[in-house]
């Protein structure tokens, strides 16, 4: 089997007495769309934070594209091709949509220590920005200031910004959060198209989307992986059902 | 949006024209005082413009910016005292010293954020003040008299009030131009983005500290130039120029004028210093009025004067 | 000859002990000031530059009330009460409107207050500053160790400051209010949920901070200074203490304050001599005052490089 794009080995994260990530191991294969689900408090956000470099693990390693990135700062991981979208929308509110994406394209391009010339008029960056916006269907809103975009449009813009860095792996933290029915459908369609171009790790609560899109699903409870398999198998997995439907105490937390 | 933009531009244009014509006005009316006052104002406006670069555009609230006025000024003063009267030596040294100080202080201070950054920049500036006070060879607390202004080999005579004023104004307009080009460049967009949402910028691959440090050094160097001009203006340099309240004055000028607006600091400097001049002639205790005034401005005056103009023309 | 030698080294030892105690005393004063700042910042998230003005007012009130009442103790108790009252009035009239705003707004507004207070003091008491003479019973030297004498008043400062530090420790560690202080500003909702009157709590906390500042100011008044602008010089040192000690940590402030007090005092006392042994006399006398004043900033720089969060940060990443 080919080397996984993302390999997480024995990851542990403690907060004082609480073990948020409990000896977690997981492989993400190149080209797949891998969903991570779990009840609230399962440690999904903690896991994502450690993957992108916002939080340091207490123990364990993270390997991305064959490289140990466990202690690399967030910006370096981004440069290596690990892009993310935020659970709570995090954009540059006073800039336009195009500006936001162009900056990501600029980051990809390098050469940001240029002190002259009007960056907003650089054809190359603007073209890249418009391409990414078009991809997510926001081309018509390119020159709108982010604070004036709707919530759904902002979620899509998050995606466009991540895409503009030409990533190898897209870490999406609840991209459907707060979206209505139509918008969710749009997002699912978009992700279905994107999965052919880039490996995606998707953290989500929206089960319809997850079961439609995912190649594999990993279920997290109390910071541990209790199942990691194709959707059909997950659907019939007893432990998973218990975790979601009640008997959560069957899967006990460690002290 | 376009109408407010034009009104702010119009105000800026009027200010520039006014500043350009000022010496003619002074000569016509025989009022020398207004020329000396505005020379001082123009110099502080340059300092404010440099602070606006890191504060208004970069989001770095430095409470120690007056230190660079001192460093630039002392570079000129010390070299003059040691017999190096040429501006061609003094001024590059002033710029270099300011840049180095900004590099070191910036590298240390940018390891913190928010109010801690404010405290630390304040502390380092105060350190510079104390060090200067301890330089007994160069006057210490009493300051250092500069007997001869910087010479530029006959190109320009700094002792001529009008020539010196135009030099200062040239530096100010140059500074504004530089800031304008920088903030719209690739580098400038990164710095502005970092102010807006540092976490997002890191997520797309920008290491924050690097860019902020370069911005910090540029601003410090520009302020060092203002310091060199200041020393020549007063024929004197003392540690008081770096006292922390002077840094506070600069901050007030930037905020009063409108942070993150190109001409805001110029307008702010003019208003603040004219007000200070006017109030101090009314009463010896002008700070008792200025103090609560600042408080009120903070509570009610969002976006400074330029912001006010913008809102006014939109409504 | 042997007697001369022991005489010299005895004087040296006395000097070291004296400077050590001076450093401790200065450090404790710094702690009182820094603790007040940290408290207000921790609970109300308010950056109060005018904290130094409260320190100054404590000193001015003390000088005034002691002269007016003729009694040292009565005078300083009145001064402490007056500063507490001033703090409460300041909070109600001006500072409570700043809660929740940008820190930059705090900096500007309280900067304005400093200007106001400095001029107010100049108006009421004149530009020259005041003196606060000590009563006779506090000027006697006390023998702390056989053969080593230390002024009674300075000793009193150390004792009082340590007592206040202990009280603060007990309040912060053992009471419900202390728990809220330790939990920090992020738990404002919890404070409300506990049924505590937030407005009153904030006012009282600010009053406590003001009292601490005033206490520090009045304690140092007889031996150091009572003049305009005295607050700002020491306020910056208090900032340095907080940065070194650690974000949001009163314990950190204590350790850092003692450290800063010691280094500053001992440095100023012994660095010139030390330099004179290494450099020429002329170079030493130029460099010494500048270097001594730089010592604590150098310490701060080192801490910033090695541990930007400070020595005892309240939160661990």
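Should a chain be cited, it is by its letter among A, B and C, assigned in written order, with residues numbered from 1 in that chain.
Following the convention adopted for this analysis, a contact is a pair of C-beta atoms (placed from the backbone, for glycine too) under 8 Å apart; a residue touches a chain by one contact, two chains touch by 3 or more.
Model, not experiment: these values are computed from the prediction.
Across the assembly, the mean Cα position most removed from that of chain C is the one of A.
If you compare B-C with A-B, the chain pair joined by more contacting C-beta pairs is B-C.
In terms of Cα centroid distance from the overall Cα mean, chain B ranks first.
Here the CA centre of chain A is 49 Å from the CA centre of chain C. Spacing of chain B relative to chain C, judged by their CA centroids, is 32 angstrom.
Between the Cα centres of chain A and chain B there is a gap of 44 Å.
Counting only residues that touch two or more partner chains, chain C has none.
Remark: chain C residues 41, 47, 94, 97-98, 101, 103-105, 107-109, 111-120, 122-123, 232, 236, 239-240, 242-243, 247, 285-286, 288-294, 297, 300-301, 304-305, 308 touch chain B in the complex. Chain A contributes residues 52, 54, 73-76, 78-79, 83-84, 86, 90-95, 99, 103-104, 106-108, 111-120, 122, 161, 164-165 to its touches with chain B in the complex. Residue ranges of chain B in contact with chain A, taken from their complex: 181-182, 184-190, 192-193, 196-197, 199-208, 211, 214.
Interface of chain B with chain C (complex): residues 61, 63, 108-109, 111-112, 114-116, 118-120, 122-124, 126-127, 130-131, 133-137, 244-245, 248, 251-252, 255, 285-288, 290-295, 297-299.
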